[in-house]
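Following are the structures in question.
Look at the two complexes coming up: subunit A is in both, with subunit B in one and subunit C in the other.
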Partner chain A sequence: MESLKVRRKSLIWISGLTCNGNSHSFLSSSSLSFDAFLNSVNILFHPALTYDREFKDIYKDILEGKLKLDFLIVEGAVSKKKTKVYFQGFDIYEILENLKNIAEYIIAVGNCASFGNFPALYSEDVVGLNFRFNQRNGFFEGDFTTKSGMPIINISGCPAHPEWIIKTVLSLSYGYDLKLGSLQRPKDFYMYLTHDGCTRNQYFEWKVEAEEFGTKEGCLFYYLGCRGPLTHSSCNKILWNDKSSKTRAGMPCIGCTEFDFPLRGKYFETKLNIGIPEEVPLGVSKRAYIMLSGVAKTFTNHRLKGKLEEAD
Partner chain B sequence: MVRKLLKEKKREEIVKVASRLFSERGFYNTTIPDIAEAVGMSVGNFYNYFESKEDLAKYIMQYSSSILGEEIRKISQMDVSTKEKVFLIVRRFIEIAQERPELIDYFLRIFLSNREVFSEGCEGFLCVGEVVTELMLFLEEGARKGDFRQQDFFPAFVTIMGPLGGLVFLKGEGILPKNPIEYANEIGENIWRALKSDEKV
Partner chain C sequence: MKKQISNLSLNRVEGEVELKLQKDKNGVIEDAFITAYNFRGFEDILKGKDLLDTLVITPRICGICGHSHLTANVNAIENLYRENGFNIEVTQKAKIIRQLTQCSEIIQNHIKWFYLFVMPDFLKLDPSEKFVEYRPFTGKHWKNALKISSDIIKIVAIFGGQWPHTSYSLPGGITSDPLKTDLVEAMSIVDSTLKFVESNIIGIDAESYLSMADYQEFMNKTSGGSLKDFIELSFKNGMEKIGKSYGHFITVSNVYPCIQEAVIKKKRCKFNIKKVKEVKESSGYSIVQPVRYDGLPMETGPLARRLTSNTDLFVNLNSVFSDSYLVRVWARVDEIVRILVNMKDWISKIKLSEKSYIKPKDYKLLSGVALGLTEAARGSLIHRIEVSKGKIVDYNIITPTVWNLGPRCKNYRGVAEKAIVGIDNDLKAQMVLRSFDVCSVCLVH
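This part shows the complex of A and B:
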């Protein structure tokens, strides 16, 4: 494909320590959104998408001021030390140092670039762009901001949802105000919990629990470890492939948008103490949660007892 | 405000008298006029406080549960070891049983024996939610800290409530040779040993 022209804003996408899952995710966006994206954004370089110009030439042009850089997208964790992580033959350390005052916006895409994620477990110097887990001691420390005045924008997720990436970039290119939460994620996508909009909400309310993966019935919280009520994401509001989500398909949410994703382990288990969940949905006290679930369990919602296909 | 407080006080008085009467005579043999008379109020006035005998019966359970729940909550929040909390809960339960024998009798003789009265609006944990919730929180915290062994909730729950219920039952039957409180430490020790994790002493 030729580099995509006719765009108002320019973008380069670089990758550090990554499985490229966010690139895959990005490429799975709906054709409608992707079209809108390409109409507004000029992708100067993406390792899996553009091929007409080499990175080194584009990089040189940007450094020499011949090309303006609006968006620097980083996928993957990086290192606070020099000569550790390379991209297209350049030390990522240097790329980031050189572009930090040139790019209008720097966006961390995926959990590795946002929080360090799994790669950070292996070495103290491996970090996200602004954070290492939930500490602001990433590659850029403290209250670092880019030319636009915005801090690093984190689009967390393992991987990030393609629509969150696309809509964040588009919102900024259209000049919309982007509200960020405390972990610098756009509120538009992360003010919701995975639980919001899950088709299993009634099962959650009435405490009817699934014991197997992949069924249409039952809530996945108690036996299968669903993190929906504790995870900020709009997976059940903006569906994947416009169609579904993990929890809708019967796979528990594993909390991949949160900084502690790699720290938790046991992804299919809700930690119980004497049968009582150690963590309860965000926003309620354990007392309130236990009280309410006790009441819910006392009653039966007959619709939720059998197979949905057979229910009236 | 004062009116509300007065009303609350009166309700408590009715609970005290009614739970005693119910336990002595049985639920069906106790009538609203009996209760009104024992409290010293008119039957008409009784209905300002409770809609029916069933309504009163359920309220007594909720009332007892909130008293006991509140006590467990206080102990749970104390800055002492889980083991000490077990002993304190046992002791406090026995004390309440002595201070308010009518409530415990009511639980044993009415609540457990006349389930049909409680089948609507009081089923499951609905009227005893506070005690159960506080015990859940207490057990969860103990297990989270590694003081209690992991297990299902219900075996742990009956391990606490069983001996306590048994003790007050024996007391009610008049066959306990000693004052119940004198057994508090031994029962506390039994419950602790039954629940604790293997590493704990």
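This part shows the complex of A and C:
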């Protein structure tokens, strides 16, 4: 590991086809994390934050080698065609082409920059940085790597959790290697499933299913569309806004960290096939799932029968 | 001398906006054109989608006002149930919680916008050390603003799981069933936010602030704070004289007790949705279609809401300084206080014994057209859905930013364009544009 007293790493944040939700997620981080970020990272440009220098001047300095660029953060989908997506008056196509061999790391923040997401549904040329959905035919194709030797790092999610963004940048700044999964997401965050840490886990284990919304009780997987056991994220490990998660608040996980999020639909109901969910939890065969569920259902967990606050 | 043209790309706004200024030989702006880029095609994407799936898609139009899109969407679907002759029941509990979380999003927006987007402009006009605490990244006020805006938004997480982008509100109610301690936590957050607003922004207790009738009274009574700093800086730079537009205002829905729907043309009158029309003509420089009310351009947002709600302080400010930069920005800051003081009362009215959600009839039975209206941070938001057997045939969205920043029609310039004409300084022109709280993301969706 490098000494921690190195110069602050430099970063620019650019946006393509986006709702800015990742920026606002980032800005909603805890002040402890945000302070740590500012202590280690020099944000040369972020469209909502910086005020003293224009993008065009910073961009020029970077291209001329006067400023070093450690992190290029991209929020939003981009296009494989020129003159379709703009950032601060520049064609983002040109920015990416010019910076691809200059930035040490390029990080795609959010599902649009990672996989194209909803904007990619509108047009064939709209892509993520390295992927279009799960195909490696994004803006940069195949096994593209940046100066550091790392591929594009995807912090997927719609939006990405602020801690995932901050900790990824800080880990790299501090000189740690980041292990990435097949979709180039940091394992530290995406080796977990949304299901891990959900407050409804017991209901899942004993197959006590919620049939309607609006209760603390019941698992949302069987009827209400929850993708918790099928989705890579640490939403129930690193809580949102330091408080909660969708599943804890009774909302099914919609699988927004996965490449197929916009392709799936039916977010509030589970597709059943002869009474069995069409997709079963990751890592388990359908047969195993059916057998285990059957066994669980033959027993009753009395704590989970009625209202939770009435149970002993 | 040749006419001068400036093309300015704006930062510290939501999204990608270009402001083209046409100036006379003295550098005075004769005309202004607002162009937004980065079209994503949401209305097309929504076609053919399952009605309930739209609840996941429309909040993703905008990362800062996604909850308002969710509300407009839910309202439209609930109205469609009624149009189809089905009863749809939503408990008071669910209604209050929806309003509480949406208003938290609005407050979050205004605090961030004021400190991150508005105040840094004055640092450029006055680079002295006096306002060093407003500097991005290092200033105390800037850092506090980020902390407070991320605190208040925790209320959405408590009831809705996360912010941005929850879809916890749905036809029939909400998905969560909060605990008493969740209510206590939400109250604590409201309390600490209000304390921050009183000591750092308005410099006086909220009750006294809200009883004020004119600006002089405020300036005399406040002990100082960011609002006073802003007002002084505005006067110093002549910002009470610029940024005036048509003086027409629209608010399309109510938030009891702080926002009342109405329209102000020459006089205040009742809002009638039938008079809202998108003008089907190309402006030549913007992909956005202008929207008009009774043929007229309208300003929407916090200033409109203060005037349609007949708030003394703003009726007064408007009569002295009209719809200038000063008054428009002040109205946005004012709304933080006006909403916050009601939030504890809303929380105290939540009856946890009521149901969170009452399952309505199957949405696949629904066909027809319905509207969903709501008040977002930037103003009135309208969703119109056309549905056939539970699938979207057509989804049309009129965002607040279309009212304020949309292009000209044959007869009138856009509202913000009009407000910029006559200014003789590029930075001030940008400041006036920012006073509308620009969101190009919503403008082009």
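Everything that follows uses one rule, which is that the second predicted complex is superposed on the first by the 304 of 312 C-alpha atoms of A that agree within 3 Å, B and C clash if a C-alpha of one lies under 4 Å from a C-alpha of the other, contacts with A are read in each partner's own complex, and residues count from 1 in each chain.
The rule we apply is simple: a residue touches a chain if its C-beta (ideal position, glycine included) is under 8 Å from a C-beta of that chain, and two chains touch if they have at least 3 such contacts.
Remember, it's a predicted structure, so these values are computed and weren't measured experimentally.
Enquirer: Classify the contacts of A:Y223 with the two partner chains as first (subunit B alone), second (subunit C alone), both, or neither.
Expert: Once the two structures are laid over each other on A, A:Y223 reaches no partner at all.
Enquirer: Taking the superposition on A as described, I'd like to know which of subunit B and subunit C A:F144 touches: first, second, both or neither.
Expert: Neither partner.
Enquirer: Any idea whether subunit B or subunit C touches more of subunit A?
Expert: Counted on subunit A, the partner with more touching residues turns out to be C.
Enquirer: State whether A:S28 touches subunit B only (first), subunit C only (second), both chains, or neither.
Expert: It touches subunit C, and subunit B stays clear.
Enquirer: So, does A:M291 touch the first partner subunit B, the second partner subunit C, both, or neither?
Expert: first
Enquirer: Examine A:E278 and indicate which partner it touches, taking first as subunit B and second as subunit C; both and neither are also allowed.
Expert: Only subunit B is touched by A:E278; subunit C is not.
Enquirer: In the superposed arrangement, which partner chain does A:F213 touch: subunit B (first), subunit C (second), both, or neither?
Expert: Only subunit C; A:F213 stays clear of subunit B.
Enquirer: Under the touch definition given earlier, write down the residues of subunit A that touch subunit C in their complex.
Expert: 15-25, 27-31, 34-35, 38, 43, 47-52, 54-55, 76, 85-89, 118-119, 121-123, 158-159, 212-216, 235, 239-251, 254, 256, 262, 265-269
Enquirer: Along subunit B, where are the residues that touch subunit A in the complex?
Expert: Its residues touching subunit A are 123-126, 129-130, 132-133, 136-137, 139-144, 148, 150-154, 156.
Enquirer: Which part of subunit C faces subunit A closely enough to touch in the complex?
Expert: 7, 9, 11-16, 18, 37-38, 40-42, 44-45, 49-50, 52-53, 55-57, 60-64, 66, 94, 108, 112, 116-117, 120-121, 123-124, 136-137, 143, 146-147, 149-150, 153-154, 156-168, 170, 172-177, 179, 355-357, 359, 441
Enquirer: So in the complex, which bits of subunit A are touching subunit B?
Expert: Those residues of subunit A that touch subunit B are 272-276, 278, 286-287, 290-291, 294-295, 297-298.
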